[in-house]
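Multiple structures are listed underneath, in structure tokens.
Here come two complexes built around subunit A, the first alongside subunit B, the second alongside subunit C.
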Partner chain A sequence: MSQTKQGPSNDRQQPRPTNLPPGVIWGVVGLVALIAALAVFRVDTWGDRGSGLSPRFEFDVSELAAVDPALVSHAETAQIPVGMQTVQAIAAKPDGGFLVAGDRAVQMFQADGTMAQAFSVPDAPRSLAVAGEDHDFPGRIYVGMASRVEVFDASGQPIASWSEGLNQDSLLTSLAVFEENVLAADAGNRVVVRWDASGRLLGTIGQPDDRRGIDGFVIPSEFFDLVVPQDGILRVVNPGALRVEAFTLDGDPLGHWGEASARIEGFFGCCNPSHLTVLADGRFVTSEKGLPRIKLYSPRGEFESVIAATASLTARGGGQEIRDEHSPRAFDVAADATGRVLVLDPNTRQVRIFEPLESGAMADAG
Partner chain B sequence: MMADTSSKKDRRGFLNDALRTTSVIALAGAGGFLAGRRSEGEPMVWQLDPDQCIGCGHCATYCVLDESAVKCVNCFDMCGFCDICTGYFEMNYLALDTAAENQLCPTGALVRKFIEEKSGQRFYEYTIDVPLCIGCGKCVIGCALMNGSLYMQVEHDRCVDCNECAIAVACPTQAFHRIPASQKEILKRRAEAVLGARGRRMMREAGDDAGMYREGAELLERALTQRRWRQQQRSASTASSEPEGTARDA
Partner chain C sequence: MSPIARASDLIPVPDFTEYQVPISMPPAPDHPLWEWFNVSLLLVALIAASYIALVNRSRRAMFLLTVAALIWFGFLYEGCICAIGSIQNVVLAAFDSSYAIPVTVVLVFLLPLVFTLFFGRVFCAAVCPLGAIQEIVAVRTVRVPSWLDHALGLFPYIYLGLAVLYAATGTAFVICRYDPFVPIFRLSGDVNMLIFGGALLVMGVFVGRPYCRYLCPYGAILAVLSKVSKWHARIPPDECIKCRLCEDSCPYGAIELPSTPPSREDRPPERRRLAAMLALAPLLVIGAAGLGWLMTVPLARLDHNVRLAERIHAEDTGQVEGMTDASEAFRNTGQPKEELLAMVADIRSRVRWFAILLGAWTGLVVAVKLISLSVYRRCDEYRPDRARCVSCARCYWYCPGEQVRLGLIDDVSELVDLETLEAKPTS
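The block that comes next holds the complex of A and B.
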């Protein structure tokens, strides 16, 4: 019996596949290439299809920006363009006209919005005030720079430059004139500085003082506004405390109004209201930053109505743009003797005029 | 039989040639080494310019890491320490407390801590719980409604420094830049201004307090580094936008 050596058996070998036609092979290769190309194109390398995060990650301010139309008391009646790159401050003149400060200039407008005159200022202006008939020098124009006040006559001729009581930390964000007093809100030093009409320093208001019950101003950002109505009582926004505080011109505290709240009646966020003015009848107009809205309060500080809601102040009605260069800035406000509210829109560089709706119109709007 | 002297070199000639060759190789090597050292430069890292960031959320999902290397930071010099913080609370919050339903951050990465009560208001410090932050930017958008002290930065101890950063490619505003590793951060312009101002004030008021002076100087240097970087960015941008002839003429 012959023994055969066990080795790899040819019987177990699978038969070789028959040769496929070249067309089939190329077809398969093409299909694979096509699938690969589609896969590559489906990968969103450029982020065009968004982040892929769930709606839970979206920031929605629509609920906060929404305002009941029944609360809106004013309507926009005019938009007056200002020929400046940046606009900073607005002030009403006793004759119905108004002034706008921005760039390195001040422009004077008549009541109908016609620009009457302009004059240049030596530095970037940040605040503005016009002296009324009760002042020692009616018509005088005070322009606040970062750390000094430039004084001009009614025609824009320079008269003086004041810096007594100010220092390199000063940042003047608002000016007011009442009788012989000129007052400036110094956000850098967190005080109100008071001079007489000749520029002599009369004192400062608002330093923390336990004995007088003054907590001091909380100013987290460069917004710090003040106004002196006809009652002669200084009203200063304490923006970090989200309220308006009242002082005598000698610096004695008299009280405050305003509450921290996201509701329409209150002020919310870090520091609001950003701007403040007063109507001839003693009611206050506040302007808020963040979600811009302009509201009306009684002389006692009770919420009355909305002059301009977020949607009417910003085209987008929300707050999604976060870049400093593109985000909406705060709106300065002034009020003229006829009750018009002048809103300086820094985004469109316009003065937007809001006038009261007829009482019937307000009811209809509601 | 005549010796073939022409094909042979004497020992002196051989040594001369060897010396010459060695010298050339040494010179070339030294030159190459020096040239290499000179072109080596400082290592560069990815960083996000917060002034260009729009809080789109791509940082959370496009990073090659499971947990993004981009995180939120808070510049306390810009922060209002608000009670009603728009970066912390949902816009329709039920109460001003730390309950999850009131928090804006979907991962609860923002930590709120009471600091003081002043002028009738309560003030809070907000810090980031870094491991919980996924870089979605929701709080950044909320904070931008007010002071904008919250912003995004690449954490270099997490970033693997890809040659081509996937977030940078997907970033809709091209906010990602290569910066020197020693610079580490890109501050907001406003942060640069407030830090510089605080640094100058500290140096001015330090008197004999060497520690305070040093801290002020460090803050000022931090701000100046940012200013220099932004100037370089502007110069590079201007040079690239100018026509070739104009740039050469200039």
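The block that comes next holds the complex of A and C.
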């Protein structure tokens, strides 16, 4: 029967023939096992060995950090220490003073930097806004927690807590008040939430909507800022898109400005600007993280000047060098009615005040 | 100056100042239906492997399923998430309430276990892509000496303990980090891991399925479950005639041979040996637990914060020069060193208890192995060792009974001399 030849034979009592002596096979197996073990031990899990490339090929950001002195329009005129372990947000008051939120408290400062008052908040604050004269309740203080807004009167007494329109994914990173509107940037849900002065939800802005031409916000990290200037048009940073977008308060897109670029005129890195504020004359102040720099843009979004260059924002930190291109922290900014730019330095935990150079000083500096 | 150095001088340092940064949008997550589709495929593959191993008994069908699993779950699905790695997801979810584990991942973890409880290690047979890639290269296998096989066979249990420790403490998913075949499936990865995977494949030509047998932590779980599986693949389709034709057919050394009971003279020393092993077991567990406690510091070193703190300390005390990327980045954050040290103390405290448990587990594994080697187990036929057998269906063909079942011969006597067999003792 021919099929029987296909079957096994009971003559095979030895291990499978390999044509190679066992010594050679085990030698090969041992050698390969050794190579395998060495390969595992050589895995650079923690990146201790770096890229292995010559230092010539390191990404040197010093050129990008360099700023032409002729472009610098402001000078630092004061540094006001904040007695907190961590500082999160700053907001200017209409009377020239300012507030700083951090730890679990809000500190209120007078225009000269003297601390006037402090009050505690129930959770770690992340954002802050003060109502102006145009608001239904002038002087009210809004403090954004991760997923709710705590409302205080001008003396720091709690009034209400809002969470309508927010959920467990919410992460409020910025607040703004315009007339009766209170707006919050919710980085967790990638939208702007809008309430009236009583805390009633009026809607959300920025959800992707092909019909209205809204692509949505790209928010790779916990930085998502907004501001409403006196023109009543909402400006929201779209950090992943490296630009500032404009919306009506009803959520209709009006355009955007800002260019993704390594040049000083543009925004650089994964997600910038990290913070945004507006001067009384309608010009915008932007703050970038990574390579920290604070810049001034016209109301139409054209680059005008540098308020603080990378060099002036780094190499501080109480004797320890801090190179902020590695720091996850960012500089929040606010602007008071006199045109001073208030910069909250998370490394030195100071409010650093920048004021315009005297007329002609820019040219002299150049 | 070397030619390479001269060449590097000629290459200009890149200038990014004019680079137009593209706007990057985060990729959309996979649709949930996609995950469910893959879980469905896993289920179908497990059913098919069970049917082939226990009913169809076709090595060719099993091999085709192996190739299909390798292509889909390996090269197309890129080996993630796999049942082996899912151990860590499940453990982390058990120990960290803030970690949300998808239902699909739980199913990827559970389905092979359930099938093993009913049909043996059919998942290893032809569904697991890591097993599949090794199955295909196992063409010139040699028998691993018993002492070495038993010793190396302890590693999967210890690796399982390590993986649980690191997953439970939230330190790392070491199974994934040191997965030898995922870089091959993705055709990309750390060069050392590619070498590791390639070396295992070369070894796999001579030592069948080295990862499955001597490393795979999921295989360790399946081996235990397979011992009590309701059904399991058998070498003969019906009665074993002890013809010995299958004796060397398994490339994984997973065939149990018929055993001879110890003689009356041998029984007392064997009993004494078993008693000694039983007495030794608690000592092994306690001793290894103590060893685990002593290993807390090196075990905690896998945590990147612990390594960073040690590096910072070494730099501050002048033991090393320069900074690593991690230590430089830490210093640039301005975070106080004391905060890092406090965090590390907390991590070490958590790791300590798991290290003690890992030590005890290792001692238990060794003790159980020593006891099992001291116990006589009666075996009347050639049969798969349920713990080791991966139901690959290679041995079926060697059985004359299978030839009869396939209709290739009318009776086993056409292949073997039954009278001679009666007289020949088994090995």
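Definition applied: the second predicted complex is superposed on the first by the 297 of 366 C-alpha atoms of A that agree within 3 Å, B and C clash if a C-alpha of one lies under 4 Å from a C-alpha of the other, contacts with A are read in each partner's own complex, and residues count from 1 in each chain.
By our rule, a residue touches a chain if its C-beta (ideal position, glycine included) is under 8 Å from a C-beta of that chain, and two chains touch if they have at least 3 such contacts.
Not measured: the values here are computed from a predicted model.
In the superposed model, A:32 lies in contact with subunit C only, and not with subunit B. In the superposed model, A:268 lies in contact with both subunit B and subunit C.
When the two complexes are overlaid on their common chain A, residue A:144 makes contact with neither subunit B nor subunit C. Between subunit B and subunit C, more residues of subunit A are touched by C.
In the superposition on chain A, contact is made by A:42 with subunit C only, not with subunit B.
Touch criterion met: A:290 reaches subunit B, while subunit C stays clear of it.
Using the contact criterion defined above for the overlaid structures, shared-chain residue A:229 touches neither subunit B nor subunit C, since it reaches no partner. In the superposition on chain A, A:242 makes contact with both subunit B and subunit C.
By the touch criterion defined above, A:50 lies against subunit B and subunit C together after alignment on the C-alpha atoms of chain A. Of the two partner chains placed by superposition, A:356 touches none, neither subunit B nor subunit C. Within subunit A, the residues touched by subunit B in the first complex and by subunit C in the second are 44-47, 50, 56-57, 59-60, 63-64, 218, 220, 240-242, 260-262, 268, 320-325, 327. Subunit B contributes residues 51-58, 60-62, 79-86, 91-93, 104, 106, 118-121, 123, 136, 138, 140-142, 144-148, 166, 169-173, 188-190, 201 to its touches with subunit A in the complex.
Of all residues in subunit C, only 8, 13-26, 140-143, 177-178, 180, 190, 192-193, 195-196, 199-200, 202-203, 206-207, 243-249, 251, 302, 304, 307, 324-326, 328-329, 331-334, 397-398, 400, 403, 408-410, 414-417 touch subunit A in the complex they form.
Across the complex, subunit A meets subunit B through its residues 44-47, 50-53, 56-61, 63-64, 169, 215-218, 220-221, 238, 240-243, 256, 260-262, 268-271, 289-291, 319-325, 327. Contacts from subunit A toward subunit C in the complex involve residues 1, 3-4, 6-10, 12-16, 18, 20, 22, 25-26, 28-29, 32-33, 35-36, 39-40, 42-48, 50, 54, 56-57, 59-60, 63-64, 218, 220, 240-242, 260-263, 266, 268, 317, 320-329, 347.
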